[in-house]
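Next up, some structures in structure tokens.
In what follows, subunit A forms one complex with subunit B and a second complex with subunit C.
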Partner chain A sequence: MLRFIAKRLGSGALLLLVISTLTYFLLFFSSTSVAQNLLGDSATAQQVAAKTHELGLDRPIITRYLEWLGNALHGDFGTSWFTNQPIFEALATRLPITLTIVMLAIGTAAVLATVLGMAAAVKGGATDRLVQFLAIAGFAVPNFVVAIAIVTLFAINLALLPATGWVPFTDNLGNWAKSLILPVTALVINTVASAAQQIRSAFKDVLSRDWVRTLRSRGISNTEILFKHVLRSAAPAGLTVLSLQFVGMLGGSVIIESIFALPGVGQLVVSSTTQGDTPVVMGVVVFTVIVVILVNLAVDLLNGWLNPKVRV
Partner chain B sequence: MSTNTAAITHGVAIVRSSLFKRLLKNPLGLISSGLILLAIAAAIGANFLAPFDPNHTDAMNLMADPNASHWLGTDAAGRDILSRILFGTRGTLISAAVVVVSSIVIGVPSGLIAGYYGKRFDAVASWLANMLMSLPAMIVLLAVRAAAGPSILVSMIVFGLLIAPGFFRLTRTAVMGVRNELYVDAARVSGLSDSRIISRHILTVVRAPIIIQSAMISGIAISIQSGLEFLGLGDPTMVSWGSMLLEGFQNIYVNPKLVLWPGLVITITIGAFALLGNALRDALEDAQKVKLSRKQAAKTLANAMADVAAHQTSESVKHASGDHLLSVDNLSVGYPQANGSLKYVVQDVSLFVDRGEVLGIVGESGSGKTQTAFSILGLLPENAKIAAGHIVFSGDELVSPTDGSISQKELAKFRGKRIAYIPQEPMSNLDPAFKIGYQLVRPMTQVLKISKSEARVKALQLLETVGINNPERVFNSYPHEISGGMAQRVLIAGAVSCDPDLLIADEPTTALDVTVQAEVLDLLRDLQTRLGMGMVLVTHNFGVVADLADRVVVMQYGRVVETGDVRSILRNPQQEYTKVLLSSMLEGKTPMTMLTTKEA
Partner chain C sequence: MKLTKRVAAAVTVLAVSLGVLTGGQVASAANQTTLTIGSIIEPKSWDPTQADLGHMAPLYQAVYDNLLIRKPDGSYVGNLATKYTWQNGNTSLLLNLKKGVKFSDGAAFNATVAKQNLDTFAKGNGPYSATLKGATVFIIDPSTIRIDLQFPNPDLLYYLATTDSYMASPNAIGTAGLKTKPVGSGPYLYDASSVPGSQLVFTANPNYWDKKKIKFQRIVFKTMADTTARLNALLSGQIDATILDAKTAATAKGRGMTEYDNNVDWQGLMILDRDGAIDKNLADVRVRQAIGFSLDRAALLKAVQNGYGTVTQQPFGKVSGANDPALDKTYTVDNAKAKALLAAAGFPDGLAINMPTWPDPTMRALLSDQLSKSGITINWVSVPLADYRNQLKAKKWAIAVYQLGLAAATPWVTINFVAAPNASWNVFGTKDAVIASALDAINKDQSAKNVIAQSKKINAELVQQAWFLPFYQMPQMFFSNSHVKTVNQPANAVPYLFNYAPTGK
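Presenting the complex of A and B:
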């Protein structure tokens, strides 16, 4: 078990190294005019040269990369070129907000998709067709269109919920919850639709296995077979789908945060990429990949617990 | 949404033109293809179709409602919305095309190589595919934009790379599936080069799933492209639906209608691609169904004719259902077909079992013997219908008279408790996620209402009874940790755990090694006499019948051919079919083709 975790973490570290290296060298092309951008059009060539030197951009890319890597390994991700805010600090306040929304959304989506997928697989007929229809509808409407639609309806026309903004739950629990409802809903609708479809297929597959029939022949009730045995065997497939959806949501939350003006990582990503703020982009990429690696590890461990055959 | 890869790859033989014909017959396929053609027409002909220049501003007409000159109204800068939508189609469709082409160019060849040659390339490529799939696309695209500037084309090529694992996996799985097929071997033996084999035989297999996946990926690409434009990260000189949505959203308090049109066209276009993908998949699956049902239609007809004949004889062979443990009278089981008829798998079958007696049901595969056994257990697939007949178990009718299905309520009283089942394939009949012990104990606590610890003691005794040397170890094992012979013993232990009156064994030894077969048969005989159970033994093997059965029912094509006590049938078979079956069995041959008699 520990060896398995160590192996996965090792492979995750390799992935992190590859991606951060690629990103760093890719961003090199964008950092050419950073000094000019920072100082504005009126800056003289001399000022620009001085700023370039100050940022260390006049040194070879390899030197800069190794320095960044060395610092990053010590937990120092530098400061933003534009705001001078330490990147670790910026992420520490923003990442929790993004993760709150994404986790709530994936949790809700998991429950709803399982219920819908199970119902479609077990009941068939009209329920099945409804779930299939919802899957296409959910696929067709991008989450930002959903977001705009529900903002228009619930925030602007009905004025039931706030259209934008974030309330920390330490301030007011009720308002915190209210500020979450619309963004989470916007992310959930899309995800539920496609996940339900795949969970349905996983259920149908398990329901057709021989041992389901044998369990029935032993006098075990249908409810118990469904919730204890079939659910457990179908869960790994569902978890894999949901882990992919989770990755998608991390990206999707960028747009959702901008629509709802939430101070999560999303805004940081948009501003840093448009400005060419390399240290911030690097910080965001590294932390996003870490989150993804941890989630995938958790999914693998859960799958191992669910299915003794893949247990290590 | 492409989980049906297996189903898709099966339908490859279909010629493309007929696929599209079938696609257009499906209303959803017709609508979605129509919408996509419309979008393509709008993209090509935007210059002629659009009533205004998309960037022409009319300062007198800001946010105008729809009117005669501006059919969809104007936006916040006084530009014609319809014209902007028409021109926006270009960027949208080009983006979709760029993503599809670049992901196919990357994903399909690498999938072909990985699937066909395997080994190291496969390992590296699979690792890369997994890596790409674990990256949040939007964040990578933003990082790329930081590097390459606001070019939607570059973003879309990179997105194509990010989504290429979809094509890679699809191709790899399909190729691995056919790589070792005989026709590919034959092509190799006949000296075709690898590249010829790949292009001639293997590409045809993946073509259909690639078309379907392309439709889906077009939809995703449009969603991502609009999303980037909506964030204001697109090319500012291009008209796009996403940027229209953004401008509308910025004015949402002033005029919420501005988001309506771009939101609608984005949704409709993505929806059209999704529907097209689904319709293509259905068209492929239908092709298989059509082929099947033609064969079945012929069978149904033959069955219907036979049905008439059956009715004339059924009265005369009717058994007195008296006080047998189990009696089945004139049972017919069928599966509803697409054309509304029933395809019969069991017809007019009558048999009975007494307490302490072993009845063998013998026949080839497809003779309806297993379907008969499942009818008694009430474990027929859900779409099966009991068309006629009665099943009476110790005086209780199991077929509910109203809807022609087995009364689950009646059976729940018996199943596991008084009627037990031993399946054919030991390894697939234990839930892999639960320990053997749990799977033995749980039915006992449910059915016999005894405590867990009592059930545990009884389970260990049973494991010993069925000849397992180390019951404690097996009790604590998972199904994959024991051998097939052991698993079959576990299943037998489970079947007899609640002291049933009737045991139904479906080919209980077929999946086992020859040496283990004899042991299991000994065990079954021993248990049956010791517990005085009635037993239905379903088998294709007359040897097994000779060993265990008291009486025999011979079945063919869903009907009873001959019935009688085991000695007279073995020594003096009356029916031609029984003789053929018997002679082939005694010579120890496994029949490779359906056996036929002179009459049939």
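Presenting the complex of A and C:
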């Protein structure tokens, strides 16, 4: 097991190096004039040239990349060119917000999708058709439309929940929970829709196996077969879907963060990429890749625990 | 328990939990002691050398004092400078400074500190550092300074009331810490509960020298880049005031919010390459004028702006004093005349022009249609929006749609944006004899009367030479709820902080 983990972490480190290097050079080739963006409409060409020099952007790209890599390996990701905020500080306040929303959404989606998928596979008939209809409907409606609809209803018309913003857990537990309900709901609906379909298919597949029939013939109760045996066998398919959706959600949360004015990583990525704020983009990329590597590792370990054949 | 009963129980638990969590209605953030503003952006740096206008002005005003204040009617009054006196034909400005003012770190404000701030600003390479270029600050006595100008600067008062004179503590000037934490003498103090990127909080400065300026005990700027988020926050009472746009204005008005329309920008065509460096065809003024005669500005205003705004044909705004209503009749829609001008210029069969893709598809479709009626074909070339401005500045385009904040700018600001040989939007450095003569005249006599007279000549020349073909002045649409009121600030996208007051409701 330890060898497996070490191997996965090693390949993860290599992946991190490749992605960060590619990102740095892609930013260079596609990047806009950072100095012009900093100085705005009123700046003259001389001012732009002076600012470019001040930021060290007139040096060769290789020099700049090696300097960034050297600093990053020492844990120094620099400061934002646009806000002067240290990258660690910016991520320390923003990453937990995005991760909280995404993890709550994935957790909620996992429970709901499992319940709906199981119900559809086991009950069949009208229940199956209803779940399939809900899944298609949920998948067809983009999450930003859901977001706008629930804000209008619950925040503006009914005034039950805040329309925007984030309250830190440490400030007020109740307000923290309130600030999460609408954005998590907006993310969950889409995710449940597709995950429920996958889980339903996995359950149907497992339920049709001979060993399930054998268990039934031995007089074991349906509940025991379902929760002790079938769920365990069908779980890897669901876990894989949810892990992929977790990665997708990290990117997809940009729109939800924007609509709910949540100060998460998504908004930071959009603004820093648009402006060409390389230190911020690189910091976000590195930490997001680390999160994705760790999540995939956790899913692999969980799959291995659920199904010993996977460990081979 | 059957499934239906279990579902009903779960729904009940969820509803009760929601009720407990919400405690009924969400309390409004608005009250008479807190002002919460939805802001599009935050300052890039709290170092005053990097100060900017527009959306950032009220944020700097919370923590920094300017030497002067520009009132909503455009007049200037003293602030840290109690009195200003022009000398030597408006080439020297004498400023008498207020005594006894302390910064938030306890340091004293005096002439030495004022000079240190102004000198640092001029050297700081911020967005507006060039506006103090060539200015020398002399200390006359501990509470008097004199600014001598090497180059004409009829707008010195304007800049001293905005970007150029936010006074920082002498202990903080030049330090790295000033970039992220302001140290000024302003009416409010930067609160430690601020979270950059989310909300910036300011509390009333208990030792502030002018209590009249403190109308709220607490100011909160919530950073919300998305217009829908700002609208939702305003409607749900999370913020008291914010800027919206033509698409969201009707909803806010329908919900009883107070609207403050302020013409700050104009949108139109910028014909940048008047010497034919990258598109020889545009070097002929008749071609540029033909484009002008092809534009149906009223149709553009109606389709793109839902009718919000005023059609215009001149770069100088109405409040500049150099605006001439007669110039707005220069290019009435006349496709026959446009075709005749093109034929005279050697293009009887019309011509094609390349333009970077403006993001609004309605604008693109209308412009293509309107110009095609005169035989002009627009080839829209895809450009990343983030790089749009930079490509224009890098001389990659001869002509483009753009939006400039000049609808309410002073004559000198407008000249330095669009007309002077080194103006920020004269990217190809086009020279013109009429403009050069007017600038020379301003150099010799910087009185307001002469500046306006010369600006009128420049404005007329810009329109006749079709350097710019504005479509309309477009309002910045600011809204407040019933708890606060405010007043528009000329030449600024959002009201200044001093313009807000509680309504008592």
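Basically, the second predicted complex is superposed on the first by the 301 of 312 C-alpha atoms of A that agree within 3 Å, B and C clash if a C-alpha of one lies under 4 Å from a C-alpha of the other, contacts with A are read in each partner's own complex, and residues count from 1 in each chain.
The criterion applied here is as follows: a contact is a pair of C-beta atoms (placed from the backbone, for glycine too) under 8 Å apart; a residue touches a chain by one contact, two chains touch by 3 or more.
No experiment lies behind these values; they were computed from the predicted model shown.
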Inset, instruction - Would you sort A:Leu215 into first (subunit B), second (subunit C), both or neither based on which partner it touches? - result: first
Legend entry - First (subunit B), second (subunit C), both or neither touched by A:Ser272: first
Inset, instruction - Figure out whether A:Phe227 sits in contact with subunit B (first) or subunit C (second), or with both, or with neither. - result: neither
Legend entry - Which superposed partner A:Pro162 touches (first subunit B, second subunit C, both, neither): second
Inset, instruction - For A:Val151, select first, second, both or neither according to whether it touches subunit B, subunit C, the two together, or no partner. - result: both
Inset, instruction - Have a look and say if subunit B or subunit C is in touch with more residues of subunit A. - result: B
Inset, instruction - Kindly classify A:Phe133 by the partners it touches after superposition: subunit B alone (first), subunit C alone (second), both, or neither? - result: neither
Inset, instruction - Using the touch definition from the top, say if A:Ala177 reaches subunit B (first), subunit C (second), both or neither. - result: second
Inset, instruction - For A:Ile259, decide between first (touching subunit B), second (touching subunit C), both and neither. - result: both
Legend entry - Which superposed partner A:Phe29 touches (first subunit B, second subunit C, both, neither): first
Inset, instruction - Go through subunit A and flag every residue that touches subunit B in one model and subunit C in the other. - result: 30, 148, 151-152, 156, 258-259, 273-274, 276
Inset, instruction - Mind listing the subunit A positions that touch subunit C in their complex? - result: 30, 32-33, 36-45, 47-48, 50-51, 54, 82-85, 90, 93-94, 119, 148, 151-152, 155-156, 159-166, 174, 177-178, 181, 258-261, 263, 267-268, 271, 273-276
Inset, instruction - Name, in rising order, each residue of subunit A that touches subunit B in their complex. - result: 15, 18-19, 23, 26-30, 124, 135-137, 139-142, 144-145, 148-149, 151-152, 156-157, 194, 197-198, 201, 209-211, 213-221, 229, 232-233, 244, 247-248, 250-252, 254-255, 258-259, 269-270, 272-274, 276, 278, 281, 284-285, 288-289, 292-293, 296, 306-309
Legend entry - Complex contact set, residues of subunit B against subunit A: 1, 3-4, 131, 133-149, 219, 223, 226-227, 230-231, 233, 245, 249, 252-253, 256, 259, 263, 266-268, 270-271, 274-275, 278, 377, 379, 382, 412, 415-417, 419-421, 423, 425, 428-434, 442-443, 446-447, 478, 480, 491, 494, 498
Legend entry - Touching residues on subunit C, where the partner in the complex is subunit A: 3, 18, 20-23, 25-26, 42, 44-45, 52, 125-130, 179-180, 195-199, 222-226, 228-230, 232-233, 235-238, 384-387, 389-390, 393-394, 404-405, 417, 422, 424-425
